[in-house]
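Okay, got some structures for you below.
The following pair of complexes shares a single chain, chain A, combined with chain B in the former and chain C in the latter.
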Partner chain A sequence: MTGAWKKYRIPYLFISPFFVLFLVFQLIPVVWTLYISFTEWNGLGKPVWVGWDNYRLMAQDYMVSDALRNTVVYWISGVAIILLLALLIALSLNSPRLRFKRFFKTTTFLPYVCASVAMGLIFGMLFDENAGLINEILAALGGPRVPWLTKSAFAKIPVVILFTWRIIPWFTIILLSGLLNISREYYEAATVDGAGTWRQFFSITLPLLRHIMFFCMLTITVDTWKMFNEPYILAGPGSSNTSLFQLMYQYAFQTFKLGYASALSVILIVILLSISVAQFVIRRRQGEV
Partner chain B sequence: MPGKQEAELSARESDMKKTLVALLLTAALLVPLSAGGSKEAGKGPGGSKVYPEGDILIWATGQPQFRKMYYQAFLDRHRDIAPKVNIEVVSLKTMAEGQQKLAMYALSGDYKSLPEVIMLDTVGVVELSTAGLLQDVTDYYNKIADQFVDGAVADSTVKGRIFGLPDAVRPQLLYYNVPILKKYGIDPAGMSTFDGYYQAGRQLKEKSGGEVFLSYVDPGNWTWRYWGRRGLMPQAGARIWDDQGNIVIGSDPGTKLALNFFDKLNTEGLLYKTRMMQQPIYEATDSGKIATFYIGAHWAEFMRKNLTRTAGEWRVMNAPVFKEVGKGGAPVSTFFCLVDTKTNEYTELFKMLWYDFQTNIDLRNAWVAEMEKLKGPYSNPVSKAMLAHPFWQEPSPFFDGQSFRKAEGDGLANPSKNMMVTASDAEADIIISAELEKYIAGEQSMTQAIAAMDRELKLKVKKAKLP
Partner chain C sequence: MMARRSSLHSALLHGFMLLVALVCIFPVLWMSLIALKTVGERVTGFHALTISQPTLENFRRLFTLIPLWSNLFNSLFTTIVGTGTTLFFCSLAGFAFAKYRFPGRNGLFYFVIATMMISAEAGAIPLFIIMRRLNLINSLWSLIIPRIATAVGIFYLRQYILDVPDELIEAARIDGAGDFGIFRRIVLPNIKPALASWASITAIVRWNDFFWPLLFLNKNSKYTLMVSVSMLPVSDGLATPWPIILAGTTLVILPAVLYYLGMQIFQKSGSFAGAVKG
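Right after this comes the complex of A and B.
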């Protein structure tokens, strides 16, 4: 052991900063959160042990089930919409027939660098029921005014639109880098063999992008489960479009129920771990990892 | 050659040592000078305390940069006792935000980042004083209490001790657009009761063909804040908790009176649905869609700043009353609370500053005049002497020559008592507002909403934590 330590101490020393930071800023807080989730604590006095009370209350709290449902909607719609649109845009940007590529690449990336809070306020105006531009257009086309942010049934739509609009550019760039790494020779060979555009897309492009798309899917999953700004700014009635992360913040820092908020975050950790593990297991079964 | 190199190295080493010694000596000489000059409080020329170099950090809502103008000028006038003290302000979106940040800093033991002063409402005072984060100012305030309006510290008193110096006591008011009411033949005097207010709304709707609305309704949490907690609820004598902290909102007659009246306005389509404090509400108001606002005196700042086409068309009167109760609007008090930073080196200086702002008539009036020019925020003073000054009766151009300052003072007459505030009220606000929002969205009736408020409070809060 001493010999191994002596032999590897320099490499251990080099990787130690990560582990120290991981221990201090991630592992210890997670363990602390787990402990706090079994207490009632407002952050100022001493935590009072309440056992499973917070978890039991969670099962009865409609705001939690609403937030959970909303976040699942954001996750599924986010993964589908973002991957599809980002891929389409990346393919367009990669097309040899596209002119002014630099201009389009820059403009495509712009939404990502805009502050989400500022964009949220603008989207709030766009989706205003009475004075919003979206409803003005709908009305001009003879359609009804939609209560985008004033009815629970519609309140998630502006959130999904804002979130996907902001985040698509980032994944477009990632997918575009993947597309640029696919050798042109595959396409030339396929063309010689008589493969059409669709065949080339399904037999060359998609299979060669699968690792990057898996990475994107994981990242979008984590991003959607941690979504905060969009539903916070474009708040709908009650908890109709509240995300789980937002609810956690609300309980922790608006009502100072840190025990309950910690219980929520434990659930969030479990969900994210389960999803990530499930995705890896599926990939492993498919022989991809 | 090696011998020459060694000699050179030795000479360099010797030079470095000399330099190091010289630096250490210089530092040793400078340390006492700097400590004496900047960190230790000494005595000024007149024998008064001299405050150490540094910043007085203030966290406040409502564009505190304007207030900083007055405070900084005060410090500039008192350079004999505060030669190197400056004011730093941090603007908070809400008082709850300040409360959160303060609690987080204290929780992490980071007392150095705490502000010296924080602006709080009653909920914040109760929560933070209970947590021991605020300084007790009872002895200081009681010596000067007779100079200020009665009840100025009623809402910053917890278990008989005062934890906040009053900054403003602002009434609930009714703002109305004169040309609109005139056009539809409505006498503003009729709106002195809530029945009359409702009738005015019906007339506006009928005569304008649904184009003009009595007032607004926000689909989010502003409705509970402005129509509920600060408006109709205290005026109807409504309660969320009884004196023991038990939840009574579901059976409380005051709650029913307040929320059923709001229900009547809303279901009859007298309220224009739009987001509060955002551009669409100002657009709608400037285009003549909204005729009145039943809201606190602070709304005047937003009107002056955001309404351009209807400037000069507005007037203001006392809030309507429920005939059954007969009480006017409940005042909203805000306080400057001294945070217990453990060192508390600027506590006395801030008390002087606060006192000057509240009692220095000439300078305060000059600052208010400047605020009017800059469209900045200001509120009526809480000092009796200042309120009696003719300046506070002067006409306001935005209000068609009516004196808004006088109207604000008049609005404090016959006040309703504010709802009891407990340490559970922040959570109660979220629970109640969520049910009200679902009601506004048309997803439940008001009766169902009140029942749901009661049920959810009993499930999540169980019993209010009394201070």
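Right after this comes the complex of A and C.
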């Protein structure tokens, strides 16, 4: 046994930092969250066991149902908008007809390096009801002035726009690298067979991008479920655009209901875990794992 | 007929991409413009687009509102030390997974990948308590230590270390190089491009980090620039001084943009395919 340890000491030593950090900063916190969620605790003193009370309270808390609904809206609209636009932009960047490619690549990837918090402040000004440029443009076109961030009905729109604006480049890059990996020969053969652009897109490009698109969808899903910066900076009235993760933060670190906030975390963990398991099952069915 | 259709196609393509480029650049340009205006000047609607007297006064005012130098130092410190340490430990683990045979290697590697499913954010509450017990609240190390070895980083760098020829490693071993010597003199120089692109991405993510510094730091002088700037709208008390706020956001965004333009980070997009397909 000691001989084996000596023989394999080096690789175990090299990988050990990850496992130690994972244990201390990820596994223990997640298990601990589960425990705190069954208690009442303000962070000081001893947690008091309350059983399922926090979960029962959650069912009647309109802020929780608001936050859940908002997050689902962010998730669905995020997946749809990001995948569609990122694919369109990646296809355009990959088109042999496109000139000034370097310029277009540089500009379209730019938003990704811009901090969402700083951009949130800027978008807050652009979407300002009275002073914002967006309403000015709408007014010039004869439209109404929209209370983007002061009326509940509109407050989610700037959040979605900011989030997608910043993150689309990332998925454009991923899809573009997928497109670059598709052999030109497929398209040449298809052209010889007389298949047009649309036909080629639907019978070559899309099927071959399927796995990457699926990967993108999952990443967007995880990113939207833990969205925080965008609704935090572009806060609308009440809980009109609060995300689930943001609500957890508010309960935990602004009102110090750590038990209740942990129950929200558990919901988040369950959702993220089920998405991952679903991914694994689907991939296995596709025979990839 | 064919020619006309294809020139229409080309016009649509370029029109679409011009629109995309405009939408991508506009907010950043617009911010830089307003940051140069005097506070008294009108910044509403289209007025925002013209400047009569460009001034750097807003940047000077920032120094009176926030401890700018310490915030800047904190941001730079966490970005540079955070990126450096994570590159080192991720490639070290990637090296072990790629080039050593040891019991449980595959199982442990799948485990590393599986940990990506749960994000650290889910355990934010106990993490705060742990940091408090470790006396790391208000310490920049709270932002660095938990991410010293990340699953994505290990996964990404392992892919590239796999391609380092075994012969090189064997030759070095015969020459008497130790394990760490091989890592430093053979592996690291051979994966420079991967290290560079991973460093760029990590650096930008760390620079832009907001949630963790907001959680772990709670003193003005300990804030990173990002947290300080996010609090600008409330720190002045009076009506929103947009030019000053946007001077703050300019200070935050400009370094990242210049770095991006200088390094041409995403131009070799092919290099991401390997990391992503897994």
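Here is the rule we use: the second predicted complex is superposed on the first by the 258 of 289 C-alpha atoms of A that agree within 3 Å, B and C clash if a C-alpha of one lies under 4 Å from a C-alpha of the other, contacts with A are read in each partner's own complex, and residues count from 1 in each chain.
Quick note on the criterion: contacts are C-beta pairs under 8 Å (C-beta built on N, C-alpha and C of every residue); 3 or more make two chains touch, one makes a residue touch a chain.
As the structure is a computational prediction, the values presented were derived from the model and not from experiment.
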item: Combined model on chain A where chain B meets chain C, clash or fit; value: clash
item: Partner chain in contact with A:149 - chain B first, chain C second, else both or neither; value: first
item: Chain C versus chain B, contacts on chain A by residue; value: C
item: Chain B versus chain C as contact partner of A:88, first or second or both or neither; value: second
item: Chain B versus chain C as contact partner of A:244, first or second or both or neither; value: neither
item: Partner chain(s) touched by A:256 [first = chain B, second = chain C, both, neither]; value: first
item: Which of chain B and chain C A:63 touches, first, second, both or neither; value: first
item: Touched partner set for A:129, first chain B, second chain C, both or neither; value: first
item: First, second, both or neither for A:235, with chain B first and chain C second; value: first
item: Touching partner for A:45 - first (chain B), second (chain C), both, neither; value: first
item: Chain C-contacting residues of chain A that also contact chain B; value: 43, 121, 125, 130-132, 253
item: Chain B - residues contacting chain A, complex; value: 96, 100, 103-104, 106-107, 127, 131-133, 219-221, 272-275, 278-280, 283-284, 423, 426-427, 430, 434-435, 437-438, 440-443, 456, 459-460
item: Touch list for chain A against partner chain C, complex; value: 4, 8, 10-12, 14-15, 17-19, 21-22, 24-26, 28-30, 32-33, 36, 43, 88-89, 92-93, 95, 97-99, 102-123, 125-126, 130-133, 135-136, 165, 169, 173-174, 176-178, 180-181, 211-212, 215, 222, 226, 228-229, 233, 245, 248-249, 252-253, 258, 261-262, 265, 268-269, 272-273, 276
item: Residue numbers on chain C that touch chain A, as the complex places them; value: 6, 9-10, 13-14, 16-17, 20-21, 23-25, 27-28, 30-31, 34, 43-46, 48, 89, 92-93, 95-97, 100, 102-103, 105, 108, 112, 115, 117-130, 145-151, 154, 179, 183, 204, 207-208, 210-211, 215, 226, 229-230, 232-233, 242, 245-246, 248-249, 252-253, 256-257, 259-261, 264-267, 269-273, 276-277
item: Residues of chain A that touch chain B when the two form their complex; value: 42-45, 57, 60-63, 121, 124-125, 128-132, 147, 149-152, 235-240, 250, 253-257
